[in-house]
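Note that chain A is present in both complexes that follow, paired respectively with chain B and with chain C.
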Partner chain A sequence: MAERLLEIKDLNVVYETDESVVHAVNNLNLVINKGETLGLVGETGAGKTTAALSIMKLLPDKTGIIKRGEIGLENINITIATKYDKRLLRGNVISMIFQDPMTSLNPTLTVEYQIAEVLALHKKDMKKAELSKRVDEILEMVGLPPSRKHEYPHQFSGGMKQRVVIAIALACEPKLLLADEPTTALDVTIQAQILKLMKELKEKLDTAMLLITHDLGVVAEICDKVAIMYAGQIIEQGMIEDIFESKYHHPYTEGLFDAIPDLSKKTKRLNPVEGLMPDPTDLPTGCFFHVRCRKCMDICKTKEPEIKWTNADKTHLIKCHLFNDNK
Partner chain B sequence: MLRYIGQRLLIMLPIILGISFIVFMILDLTPGDPARIILGDSATDESVRVLREEMGLNDHAIIRYFRYVKNAITGDFGKSYRSGLPVLSELKARMPTSFKLATGSMIMIIIIGIPVGIISAAKQYSLLDTLSLTSALLLTSMPNFWLGLMLMLFFSLKLDLLPATGAYTWQHFILPSITLGAFGLATMIRMTRSSMLEVIRQDYIRTARSKGVGEFKVITRHALKNALLPIITIVGMNFALMLGGGMIIESTFALPGIGSLAIQAIRTKDTPIVIGAIIFIAIAISVMNLIVDIIYTFVDPRLKTIITAENVVK
Partner chain C sequence: MEQPLIETKNLKKYFQTSEGNLHAVDGINLKIFKGKTLGVVGESGCGKSTLGRTIIRLLEATEGEVLFKGNNILDYGFEEMLNIRKDMQIIFQDPYASLNPRMTVSEIIVEPIKVSRIITNNNKINKKVSELMDTVGLAKRLVNSYPHELDGGRRQRIGIARALALNPEFIICDEPVSALDVSIQAQILNLMMDLQDEEGYTYMFITHDLSVVKHISDEIMVMYLGQAIEQASSDELFENPLHPYTQALLGAILVPNLSRRNENKEIVRGEVTNPISPKPGCRFAPRCPYFKEDCLGQEIEYKEVDKGHFVSCVLYNK
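And then the complex of A and B:
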């Protein structure tokens, strides 16, 4: 049995502004085992980034609030981590890669500084010469010539910048990498290169990864497990085979797949199912998907569906009344 | 880089020429006969006529302007109508005072304005933030001369801590520097704050936090340098303006600087001094702009690339 690395239990996150309360994440449950890659898929506004920021404890000050739930890292609840503890975790045990490499790097600091900084923070016993050598190694690892380390981010192309971002994220060989749409801002050809690099590195370093994406093609290529997120909840989750081969699916997932005629083709932003995501400031009753669901029943409008396992191994779960035993 | 500086200095010439032309013409239109001013009211019409002839005042204004420029190139900016001394030496004598005053104000603006602005941004909406914004507002709404008089009343007359007038020791510059810098200080606090707030929202600050960098270092190492460009602009512009612009304050504190010289010259229709002072201010502002742009390239590596690339092409 694989060892549990990250376990999110009943996570509820809201953004409280003067005008409204946005329910971005609602009772989210997720497990990632050591070394495993979980794909988190969902439409824009589903709460994917919010979930990742909650793990990093990087939710916007004052507005972004974890209302309820637990985030366990190796069985330690990190939702209650102190300011100092969370700094020890960040960049060291958990790293995050953000969506846009163009803006993720500091324009006034050299690439070397930005990589060495994270090492110096977490590997306190490293001497200066060692740091410099390690930076060279890391740059080589992500496919960049170490000779360019004294340059500034604006002297690199988009793909190279994302390689630098990956270098920073993996410098301390974290146990968990959160990658928030790491390739959407890049050209298609470069996307493939970056994904390949990430896959290789995570295997080499035995890092677990939460890969946030809109692209089911990417998921099929590099993930072990998939979670489909809708309105801040996981509505279906399973091993890659469960999602791509099983005949049981949540109606929303079916919609996602119908939108892709051929799996080998990459898709852009997903907006496959007719209608819009429910307003996160005013969520519907019952099943959050019922307004858009073609199979909607009476019960769906009033009662929230429970999570059901579709197989005996309990690897594939669906949150939908269609799969209730008494149906 | 040197080439860039050379180009910039070249561009300065037409600007200074233009300014001097406009000022020359405007002053020429104002009533008052320079020969009469020099000789005084008691002089005979005949002696005034002779002097006019001597000074070439009967020539057309354009011709006189070109003569002025020709002399100016050799360093001769004319003589003061009042003292008879060369304008350049009058200005030179006043420069150290103005320079000390502007430097004093600048130091105050930098060492108070920047940290207060940073703290204000880092603790947005906190009590400290409100406090610093309120003080900035107060500083801008206070008239300069009034602030100067109040400081004088309190620190010189009441507490007898600092001298009120004159320019003899560095203590003499404290009160005028504070007065002169008050407005700039308010601008600096607000500018630093808004510039920092803008930078703090950027993605790369989130990246820094996601690396485990502590909040203090996030502000000082990651945010500040990026927020510095508008701050440097303010410093440069304020310094240039204060070099020549301390007219009221220099008069209030009886400091013999360029500003008080200019005011006095305007009052007494001492045209050569007025033009000289204005050209001096124009040069100061242009040079300051250049210095600011050069400092930019050290702060922002992107600009450095642009400037060096430009040189390669040309």
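And then the complex of A and C:
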């Protein structure tokens, strides 16, 4: 039986600003087992980063508020854990690759110093010379010439900074890696190298990953499970085969797949989901997607659909009236 | 022959570091014609952003020329530069760092209009801002929001609205859609292509997403460590990639289905050449599967091997 590492139950997160309340995450449920990679996909602004920040307990002070729900990590409810637990839980158990690399890099320190600092924290008995050798190895692993380690972050390109952050996160050998768009700033050959490192970490240490990405090619390559978010909710979830090979999908998921430019075909125009994302301060009634849905029925406008299993194995969930019996 | 809107001649940008000159852009020759899109791809750190910034003089070139409608703008003084600045805009790669955190959405969009004093009437400015927000799909309620309150996609839309504010002729797009989900990406790409059809915009489009670059570009240039190593029309490059690095790049594309999931993928291996004081020869050589002695020691010609298809590799240098 798979061992549960992270379990999010009914999570609701809002941002309270002067003028309004942004409902960023609504009734989110997720489970990640040891050694499992879950891909979190979804529209821009759907609340993916907010969900990750909630796990890290890094929501902005005062404005970012967990309204309801539990986040269990190794069976400890970390939404109520104390400060001491927080520190313990980060560092050794979870590490995060931020969407913006400068969140975790210090502009005034050299790249070498920043990697060595993290290594020293994790491998307390490492000698200086050993540390320096390890820094070189780590840089090489992410395709950076070690001879450039004396430089500062601002001397690196966007993707080079991102690779430093990835190098640091992997060096921590965490049990849970939260990776927010880790390879978006990278070309595909370096991306292949990074994905391989992630797979090795998973094989060697049974590391679990929450991989936030817009790239369905990356999902197809490395994820075991996939969850798709829309307006703060998971609207479809399943094993990789459910998402890529089942006939049944949420209309938003279908829209996402249709919007990807196809390398094998020449088209004049791409095919996006029509309309704009809903305003998270004023979410629609019924199904949050109904205003943009090509299959919208009357019931969709007033009643929120339940999330239901669509297969006998109970691996594939869809939140849509088309798959609710009472349609 | 028709004059290109933008042309660079032997353009170089070196950064001085404690260890020597870093050859970020090292002798780029390119031409972009009015209403066309040049896609620029290449390894992270190969100099794409630096090239873009040097062309519009956000960075001072070390050597070479940048011709805008035939005139070398690197010779322009402050006043002349101010006059053509509005014609050349950039959409930045990084929607976090490029937006001033202390300015509201409308202030950010309006800034270039104010600086250039093209429109001075406040009502007209406000109208222009709301038109621009509409064009890029930003809700009106966000006019007074600050960038940190917004998700990556909305932030990137601000950057686009800001670049469009002055109706420029030439726009450098440095990964304008990489922070967006594929549906909004499709909306923005459609928008950019419509604007090109209607207004004749000329784009230099930098991206790591090869299916995007294929879709949007007329021509594609592949860079490796500061140099152009291959260029061809978009279709030709994908059908007939010649340079071993281009081949590796196209081979590493991940498709959004499970057909290649369990394949053992080739990883480009070998030491990465340091761009600080590089030696003559092919900079991809230490990682190239076809490496032979001629690859190092002398500069390799950038040769037109087929009409409009250029490549710099000894394999094609007979």
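Just so we're on the same page, the second predicted complex is superposed on the first by the 249 of 327 C-alpha atoms of A that agree within 3 Å, B and C clash if a C-alpha of one lies under 4 Å from a C-alpha of the other, contacts with A are read in each partner's own complex, and residues count from 1 in each chain.
Going forward, a residue touches a chain if its C-beta (ideal position, glycine included) is under 8 Å from a C-beta of that chain, and two chains touch if they have at least 3 such contacts.
Bear in mind the structure is a predicted one, so any value in this text is a computation, not a measurement.
Peer 1: Should A:155 be classified as contacting the first partner (chain B), the second (chain C), both, or neither?
Peer 2: So A:155 meets both chain B and chain C here.
Peer 1: When the two structures are overlaid on chain A, which partner does A:44 contact: first (chain B), second (chain C), both, or neither?
Peer 2: After superposing on A, A:44 lies in contact with chain C but is clear of chain B.
Peer 1: Looking at chain A, does chain B or chain C touch a larger number of its residues?
Peer 2: C
Peer 1: Considering only touches as defined above, state whether A:165 meets chain B (first), chain C (second), both or neither.
Peer 2: In the superposition, A:165 touches chain B alone.
Peer 1: Could you say whether A:133 touches chain B, chain C, both of them, or neither, answering first, second, both or neither?
Peer 2: neither
Peer 1: For A:100, decide between first (touching chain B), second (touching chain C), both and neither.
Peer 2: After superposing on A, A:100 lies in contact with both chain B and chain C.
Peer 1: Output check: A:196 vs chain B and chain C. Expected answer is one of first, second, both, neither. What do you get?
Peer 2: second
Peer 1: Under the stated touch criterion, which partner chain does A:204 make contact with: chain B (first), chain C (second), both, or neither?
Peer 2: Neither chain B nor chain C is touched by A:204.
Peer 1: Quick check for you: in the superposed arrangement, does A:295 touch first (chain B), second (chain C), both or neither?
Peer 2: Touch partners of A:295: none, neither chain B nor chain C.
Peer 1: List the residues of chain A that touch chain B in one complex and chain C in the other.
Peer 2: Of chain A, residues 100, 155 contact chain B in one complex and chain C in the other.
Peer 1: Would you pull the chain A residues touching chain B in the complex into a rising list?
Peer 2: Against chain B, the touching part of chain A is residues 56, 58, 87-92, 95-96, 98, 100, 103-109, 117-118, 121-122, 152, 154-155, 165, 168.
Peer 1: Residue numbers of chain A touching chain C in their complex, please.
Peer 2: Listed in rising order, the residues of chain A that touch chain C are 15, 17, 19-20, 22, 41-46, 49, 99-100, 102, 140, 143-145, 147-148, 150-151, 155-160, 162-163, 181, 184-193, 196, 214-221, 240-241, 244-245, 255-257, 259-263, 266-267, 269-273, 276-277, 279, 281.
Peer 1: Quick one: which bits of chain C touch chain A in the complex? Just the residue numbers, please.
Peer 2: Against chain A, the touching part of chain C is residues 15, 17-19, 22, 41-45, 49-50, 93-94, 96-97, 137, 139, 141, 144, 149-154, 175, 178-187, 189-190, 193, 208, 210-212, 214-215, 235, 238, 248-249, 252-258, 260-261, 265, 267-268, 271-274, 276.
Peer 1: Enumerate the contact residues on chain B facing chain A in the complex.
Peer 2: Residue positions touching the partner: 202-204, 206-214, 221-222, 225-226, 299-302, 305.
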